[in-house]
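Common to both upcoming complexes is chain A, partnered first by chain B, then by chain C.
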Partner chain A sequence: MDYGVEQRDQEAVVRLRGRLTFNDHAKLRALIGEMAQNKAKRQVLDLSSLEFVDSAGIGMLLIAREEMVNAGKSLVLRTAAGQVKRVLTVAQIGKIVTIED
Partner chain B sequence: MSSQGMNDQGTPAGLFSAEAPDAPFTLGQARVLVVDDNRVNRHLLLALLERGGVRQVEEAEDGNDGLARLDSFKPDLVLLDLMMPHLDGFEMCRRMRADPRWKGLPVLVQSSLNRAEDRARAFAAGATDYVTKPINAVELVARVRIHLQKRALLRDLEQYHTRARRELAQARRMQEKLMPGPARLAELRSTLGIAIDSHFAPSSELGGDFWGIQRLPDGRTGVYLVDFSGHGVGAALNTFRLHAICQQLAPACGDPEDFLAAVNTRLCALLPSGQFATMLTGIVDTEAGVFDYASAGSTAPMVWAPGETEPRLGDGTGLPLGLLASMRYERRSLPLPPGGRLFLYSDAAIEIQQGCDVLDECGLAALVGRHMAQAEGARFLEGVLEDLRAAGPIDDDLTALVLTRLS
Partner chain C sequence: MAFDGATQKTDTPNGGGPDGKVAVTTELLSTWLGFADVQRRTLDVVQGELTRTSTTVENATLDLSDRFRQLAEKALEQSERVEQIVQLAGSVSIDGERVPMDQLVVGMQDMITDMVSNIVTLSRHAMSMVYLLDDVQKDVGDLEKAIGDIDAINRQTNFLALNATIEASRAGEAGRTFAVVAQEVRHLSRSTGELADRMRNKVTAVVKGVRNGHDILRQIANTDMSPQMLAKERVDKTMDSLVEQTSHFQSVLETAAGVSSDMSSTIAHVITGMQFQDLTKQRIEAINDSLAIMGAGLAELETRIRAQIPPGIGAQEPQEWLNHLLDRFTLSEMRERFVRRLLLEGTALDENGVLDVDAGAGDSSGGDIELF
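Up next, the complex of A and B:
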């Protein structure tokens, strides 16, 4: 997995690319730290280029959500597709994190 | 790593036994065997080593003498001359390398042979390093220290590795015992007319999956399959916790959705953020001929009746366990007539990569369809697993379960 961050006025958009799995723990931890630090209140994870997420990856998205809440920010998961969308739907992650199409 | 854990390893006497593994390395405890036919040389080397801080040194006057002393002295390093009568340094080195006990022992050659061919020959015989005479005191001690340090680190690592492997193997056997054994399955088969065949393959030594079966007080049969987020030791420890919770709660819960909600409440209090489990639990109702189930983000269960050619997929949708304590789950139902089959599996089976997508549930259903006619549950499972392995590498814990209603 890799990512690119784009700072806008009110929000920071982080575009995740590739596969988000068990092996990306350290990388996502660093990203979460970055998201907590930057000044935008609204943190958007753009999932349109994410091809695959496993259960550990979902766990990391949930940690991201919690860390944003702790930092007084909000987290949005945006434009998931394919397997990522299926997994988010089956696990009803929308009950916990805001999901936008 | 705890120092206590390492001390019961039965380490041979020498550099490592007296120290905790993470204690700073000291030359004072190192044992060095000096092999040289020239007494003056031996004394010179001994003096240099002593001045460098190495206090436990033994001398040998040729290769035979050197080999004879290895066993009793148990050196941490051999300082070896090449040109000696009876048995020279090349041959002594070769013989040490042929013995598993001395295969990894650092051998620092010190010789007046100075040509490139001599060095090459010494290394070919198994030497670790080479210094030429006349000896430079500082260089000699520095090299001795480097090789001893490296050996100490390697030993530490090897011991840690051996212990970790042994403990993981033991934990693995314990984890397998969480699931019903052959005797229990044979009993279920004869008393309830339900045959179960299963497959459990963690992607490392331990896994985050398990399944269970429980006879309820009213005579019906409850079955469940759990898959913790992540894999490895952390996920495996969670399976032990959840297993205990299931054992405790299952007899009291008549309905799968209540069982799931009760398990969820308990797990929410235990799991740290970012950890969760998916779970499917259901009840085989032989009278009504149905499988009533509830799912917390599990994979879609598959059922089929005898003679059917493709499986019917259930719905696995639901919030995974451990995320929201107040969560309520929904009861769903699938037909399970006599002779019918139920197939449950962990998500590894639908996450096998196919180009830039994954196998997914439809792909798995098609694959299951090819083996549905198989009368024996075990053969059916074998066929499906073989096809899955052929579909691509499986890099997560894979558990699969097929339940057959015999009558």
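Up next, the complex of A and C:
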């Protein structure tokens, strides 16, 4: 998995690409730290280019959400598709994190 | 020759003689006698055929009614069985308790939702632990380094104490007290070194334990449970399909039960409808009675006329009429019975060449015997 950050007026958009699995845990931790420190209150993870997420990836997304709350920010998961969208739906992540199509 | 009644009227258009007698030709009398003979026998045959027909219809109707009754009972049984199935189709038995299918499906879907939710929670906790142990490993590395620092300081202290001891011995008596202090410092340094060793041993054990735990945890967190989560989709679809199919079966079975019930009721109507046979039988009996009276009347008249005419006048067979009559009997079995009756008890058929045929028609079936 790799990512690119785009800073906008009200929000920071992080576009994740490839596969988000356990092997990315160090990289994602660094990203979470980055997101907690930038100034935008609204942190958006754009999942449109993410092809796959495993259960560890889901756990990491929930940790990201918790860290954002601790930093007084909000997390949004946007435009998930394919397997990622199916897993998010089945796991009812929408009950915990804001999901936008 | 004397006549009265209807015959007199038709044969005597001029009203007859003063003594009530009219002249009739011998040929006409012969013809009448021939007709009367054949007609009487024909009436007998017709009565026999009517009785036979009535019996056939009665037997067939009774047999049919019986079979229809059995059919109605079976249709009713089937309807009851299907209704039992309908009652059972919408539920399943679990630990001896009937649970409606839709309730069961909702229960199972809830169970799987809980399972998925637990997987999510576990994954989240596992990742938190992984991050925590990442930090602990880093801290333990710092600790190892700190113990190394203590060792360095201790070596320095030990070295200083050794120098102090040497300097104290050079100072002689004046340095004796200082030598004791230097010696104590060396002891202290040794104790510190031993403590650092013990700490290193313990820290090494902790590091080993943390690394093992970290490895195990990584393995746990690295076990992808997303396929199990997605299995919920399949289970949901299967359950929905199961409910839909069950409901379809129920609807089909309900229709089948209704049809069976309708069949039973229709058959009951059919059985009622078969009572026409009773009426038919009564009518045929009435007709037969009328025919018997007609036959008796004819016989009596024939006897009376025979008594009044000279013996020389015989009966003339009504050949053309007879042929016409026989043409009506197309059913060979019935035709045979008719021929037998006229042949055995009269002479009417001698001229029709049925004697030869009768010789070959010994049995009652006669289905393939060609008469005339």
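Going forward, the second predicted complex is superposed on the first by the 101 of 101 C-alpha atoms of A that agree within 3 Å, B and C clash if a C-alpha of one lies under 4 Å from a C-alpha of the other, contacts with A are read in each partner's own complex, and residues count from 1 in each chain.
To be clear about the criterion, a contact is a pair of C-beta atoms (placed from the backbone, for glycine too) under 8 Å apart; a residue touches a chain by one contact, two chains touch by 3 or more.
Remember, predicted model here, so these are calculated numbers, not experimental data.
Considered on the superposed chain A, chain B and chain C are sterically incompatible, since they clash. Contacts of A:G82 after superposition: chain B is touched, whereas chain C is not reached. When both complexes are overlaid on chain A, the residue A:M60 reaches chain B and chain C alike. Contacts of A:F22 after superposition on the shared chain: both chain B and chain C are touched.
Using the contact criterion defined above for the overlaid structures, shared-chain residue A:Q92 touches chain B and also reaches chain C. Superposed model on chain A: among 217-225, 253-261 or 361-369, the stretch of chain C in collision with chain B is 217-225, the rest showing no clash. Across the superposed pair, chain B and chain C both touch chain A at residues 22, 54-56, 58-60, 62-63, 83, 86, 90-93. Interface of chain C with chain A (complex): residues 113, 116-117, 119-120, 122-128, 130-131, 134, 218, 221-226, 229-230, 232-233.
Residue ranges on chain B touching chain A, taken from their complex, read 227-231, 273-276, 278, 297, 316-320, 323-324, 327, 347, 351, 353, 356-358, 360, 396. Every residue of chain A that touches chain C in the complex is listed here, in rising order: 21-23, 25-26, 29, 53-56, 58-60, 62-63, 83, 86-87, 90-93. Remark: chain A residues 22, 51-52, 54-56, 58-60, 62-63, 66, 82-83, 86, 89-93, 95-96 touch chain B in the complex.
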